[in-house]
Amino acid sequence: MITDPRLALDLAGVKMQNPLIAASGCYGFGFDYIQWVDPREWGAIALKGITLEPRAGNPPPRLAETPSGLLNAIGLQNPGIAFFLKEIRPLLRELGCPAIANIAGESVDHYRELAAILDGLGEVSAVEVNISCPNVRCGGISFGRDPATVEKLVGAVRQVYRGPLIVKLSLEAGDIGAVARAAESAGADVLSLINTLKGMVIDIHSRRPFLGNITGGLSGPAIRPVAVRAVWEAAEAVSIPLIGMGGIASAEDALQFILAGASAVAVGTANFVNPHIAREINLGLQRYLDDKGLRHYSELVGAARRETDGR
Amino acid sequence: MNRRAEIAHRCLLLANKEIARGWHLFELEAPLLAHAGPGQFVHLRTGSSTDPLLRRPVSIHYADPAAGRIRLLIRISGSGTALAARRKAGEELDLLGPFGRGFPFLDETAPALLVAGGIGMAPLFFAAVQRQRAGLPFEFFMGGQSDALLPPDEYFLAHGIAPLIVTEDGSRGGRGLVTALLEERLAGAVKPLRVHACGPAPMLARVAELARSAGVPVHLSLESRMACGVGACLGCVVHVNVDGKVEYRRVCRDGPIFDGEAVCFDN
Amino acid sequence: MITDPRLALDLAGVKMQNPLIAASGCYGFGFDYIQWVDPREWGAIALKGITLEPRAGNPPPRLAETPSGLLNAIGLQNPGIAFFLKEIRPLLRELGCPAIANIAGESVDHYRELAAILDGLGEVSAVEVNISCPNVRCGGISFGRDPATVEKLVGAVRQVYRGPLIVKLSLEAGDIGAVARAAESAGADVLSLINTLKGMVIDIHSRRPFLGNITGGLSGPAIRPVAVRAVWEAAEAVSIPLIGMGGIASAEDALQFILAGASAVAVGTANFVNPHIAREINLGLQRYLDDKGLRHYSELVGAARRETDGR
Amino acid sequence: MNRRAEIAHRCLLLANKEIARGWHLFELEAPLLAHAGPGQFVHLRTGSSTDPLLRRPVSIHYADPAAGRIRLLIRISGSGTALAARRKAGEELDLLGPFGRGFPFLDETAPALLVAGGIGMAPLFFAAVQRQRAGLPFEFFMGGQSDALLPPDEYFLAHGIAPLIVTEDGSRGGRGLVTALLEERLAGAVKPLRVHACGPAPMLARVAELARSAGVPVHLSLESRMACGVGACLGCVVHVNVDGKVEYRRVCRDGPIFDGEAVCFDN
């Protein structure tokens, strides 16, 4: 556990010891690693996406490895909000770091209902609205493409949820700036990006798509250059803070996102390779601050944009 | 802060020996993993770059708590295992674990029947050695493609084990499938109390079917592609009957050993 | 050089000995490898993108390696169409395989003018219209996003160019099916996809974007799952043949694209690693046909779609 | 079909010796590359996975056509070179080449001055050995950070070469930069006929400046990130003055050796 004041932040009301977030879907409900890894190594943990009703998820195989990447098609398997409230919520205080609830629905009403239920819960420090999951037929990504839809959905959630509101974007929107602005103007406090890229692998022997769901979401180092660019473009479009993610596996990677304009960064796939990734990145950030003689990492947020006049 | 267990282990590779064509026996200095039991696995980083990106689950093939050592038996079957097989004695391996629930009931006094297909023998060998040491009765059936693709007899005899081996081409033991051997055995007068099996999915499906119709309880070690290995990603699920309902269960955390009665071989 | 009738094809009028195309921008004007590699190992060679006027291209650095990927920001450096006609065109007959001219412009008029000039030239077997280059400010990708613009541009080119017309798409279009249909209905004979994905890398020491152009295009194995998915979706949307590309580095990779619906495949980045890639992939395809007892590779085109009922 | 030259070479690594901290000397069996000249390079695949994806250009450090062998000198400076450095004698390396135009005028009888910064000595060492063998006059100036980061004197003496060495920390030879040495030398009465230089860009810029004001022709070996290495991708360009116009030229195909007069050090 690292408590270095140079790394602490207040992300739209979420008090974090450091700018690292465990990315949604990659850390369960916060407890799968707890017998080995202290959750307080994270600034916050984004929980697995929750829906109103329990979801069984997609048929296996759900995972395929690709060059420097991982395709997943979990399909938002989760026990539903009622189970969450009853069984998981009470445990969240034991985490020792803020928990961010990640929600997904099949309609604007679903999102609103979920957000209303989460409003005011002390155990949930923020809500992340997933409008960018490539693995569910209805819901998910179809919401995140069109600025008007985004504005409507985020506006609906904003009406019922008063805490820190994070909207998670994908790259499927051709124009990331337009979607980012729509989310901002509808009341989002923070944007997180990027979700996985839709991809697929075909098994040349069975001559069928390898994943049970046909397509999946690509994460990991393979998508990092695309993700850094997305953060760069979103930072140009909006003035609310950003959470950058996509292939982060080292302090150097995290710094790229920070320099591009991210106030915090999330780490997903890299946990599977290195469960002590949060600690290592934090140590790396400290070393970088030491080397460069900086007083707080926030001096770096968007610094590459300033250097290039935000071109 | 409560004390946490170690998850990440840098282990010295003491030896890497090819004991059958494409089968590499690793001996590792791993004091913190040496308490693991048969059926548990480690999650091995096979290379050092981002390709291959993910770790590979590998069963603990043998563990010696007194010596602080474990063994892995790796059969080359793709990019990751091929990369692992190239590691040399003196190098450090990067392991996570021990993960998963091992075979239950291994300390029962009634006879157990261990049924292995190919590299599926890795965890069952460990189970056999344990029962052998404890003086508990067991039989060990093993099937493979051909003689060259199986460890030699001496490998087993060195541990006082003598598996009954069949091969698909008849180049060692009888010709046929290990499930045929099992079928015959279960048709016999004296049934084993319990079956433990590990091998390819079609074999396990057949083992489950045979055990069920013989009324013998069976535990299966399942395979699945994994990302996290700890239950966090929900990537490795299989269909399992839970109280009459079919639900997904994680091979890494809820398994890899499952009650054969419950496993659905639908995919 | 491989002449196996099981691999030969007629791609909308382009007679190819095998379904492998050297991807545009990765094989110069066809001659950079000629002292070592017989061009006839390729079914066709797509030439470096040409514009009306010569272009100096982007300032260096133009290349950055990323995990399993390559970011490039060449910026369409090329000597212009006049030089092409005078100096390069006469040489193309010596290649021994069909040459595909790849054109890019800053306006619909540019494209039309270029296509008109290329119409009827015996040395150019087809024209590939690049509306998806992420590395040029005006032109390139901005044309490829919106179905209406695509339809207009392709229609204009179609009016003046009577030979085989290939339209090259990117993924920036949120809805690849819509863009593909627009190109088809405007008269494209073939679609090729995908072009590179826009990405960037930040140098954490200088705290500036690493590439001289800030962003670049991501190619190589990293993008393969996304590219296979794009071909899959385009095959669902249109009935004209497709050229699939993005990270192909082996026969297995090529087969994924073919099974997803590509009639031919292009190889770019992999040439840099393995200049004999065409020969190796062709041999691999032959071996696959042998193993599976197939009479022609075209039996495989889209086979994975049929297996899954085009879901 | 006309006969084509070989581009891809699988070469046996005969020896990998660390001759200075992080500097690995490779001896390779490479009959088809052994005719290459100083300043030419090979394009080396450092690993076998897709990460790192690209090859790395490495100068031919020495070539012996009679023995059919070449040498490379690789200094670890990032992921690719680090991976390469781990390769062991007996392994095969995957090379493309030979690529690029070498140093011109190496057979001139008038004295040449070779100026190397750090690993930039790799091709100049080859040039020096060639001139030495041919009995042609030359001087060899070399700069480095410190003694430990440069090959020992014996390394050069074994080939009958005695470079004049300076280090930034003064731990070997004089303290200072190799360009200061060059400046002094060019101020002397008898000027060399020609300068050849290889090293980091700021050093080369200074070398070009010094040579220009002394009126001595200079050739520089430039570095750039490469993808193809053959001129096809246009990725490796640098700004060069061509007939009064600034144009991009490819380091891999038009270089890596350029007339120092023409190179623009604008980036």
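A few comments on the model shown:
As written, the chains take the letters A, B, C and D, and residue 1 is the first residue of each chain.
Definition applied: a contact is a pair of C-beta atoms (placed from the backbone, for glycine too) under 8 Å apart; a residue touches a chain by one contact, two chains touch by 3 or more.
Given the structure is predicted, the values throughout are model-derived calculations rather than measurements.
Chains that count as touching both chain C and chain D, per the definition above, are A, B. A separation of 53 Å divides the Cα centre of chain B from that of chain D. Here the CA centre of chain A is 34 Å from the CA centre of chain C. Per-chain CA centroids place chain A at a distance of 36 Å from chain B.
Here the spacing of chain B and chain C, counted between their Cα centres, is 46 Å.
For chain B, the set of residues touching two or more other chains reads 49-52.
Across the assembly, chain A contributes 64, 66-69, 220-222 as residues in contact with two or more other chains. Viewed as a network of touching protein chains, the structure reduces to a complete graph with every chain in contact with every other.
By the touch criterion stated above, chain C contacts chain B in their complex at residues 67-68, 221. The touching residues of chain D, counted against chain C in their complex, run 1, 4-8, 45, 50-55, 96, 224-238, 247-248, 253, 267. On the chain B side of its complex with chain D, the touching residues are 47, 49-52, 79, 83. Those residues of chain C that touch chain D in the shared complex are 1, 25-28, 32-38, 40, 48, 56-57, 59-65, 67-70, 72, 74, 77, 212, 220-222, 249, 269, 271-276. Partner chain C is touched in their complex by these residues of chain A: 64, 66-69, 71, 145, 172-175, 197-202, 204, 206-209, 214-216, 218, 220-226, 228-229, 232, 247, 252, 255-256, 259-260, 288, 300, 303-304, 307-308, 311.
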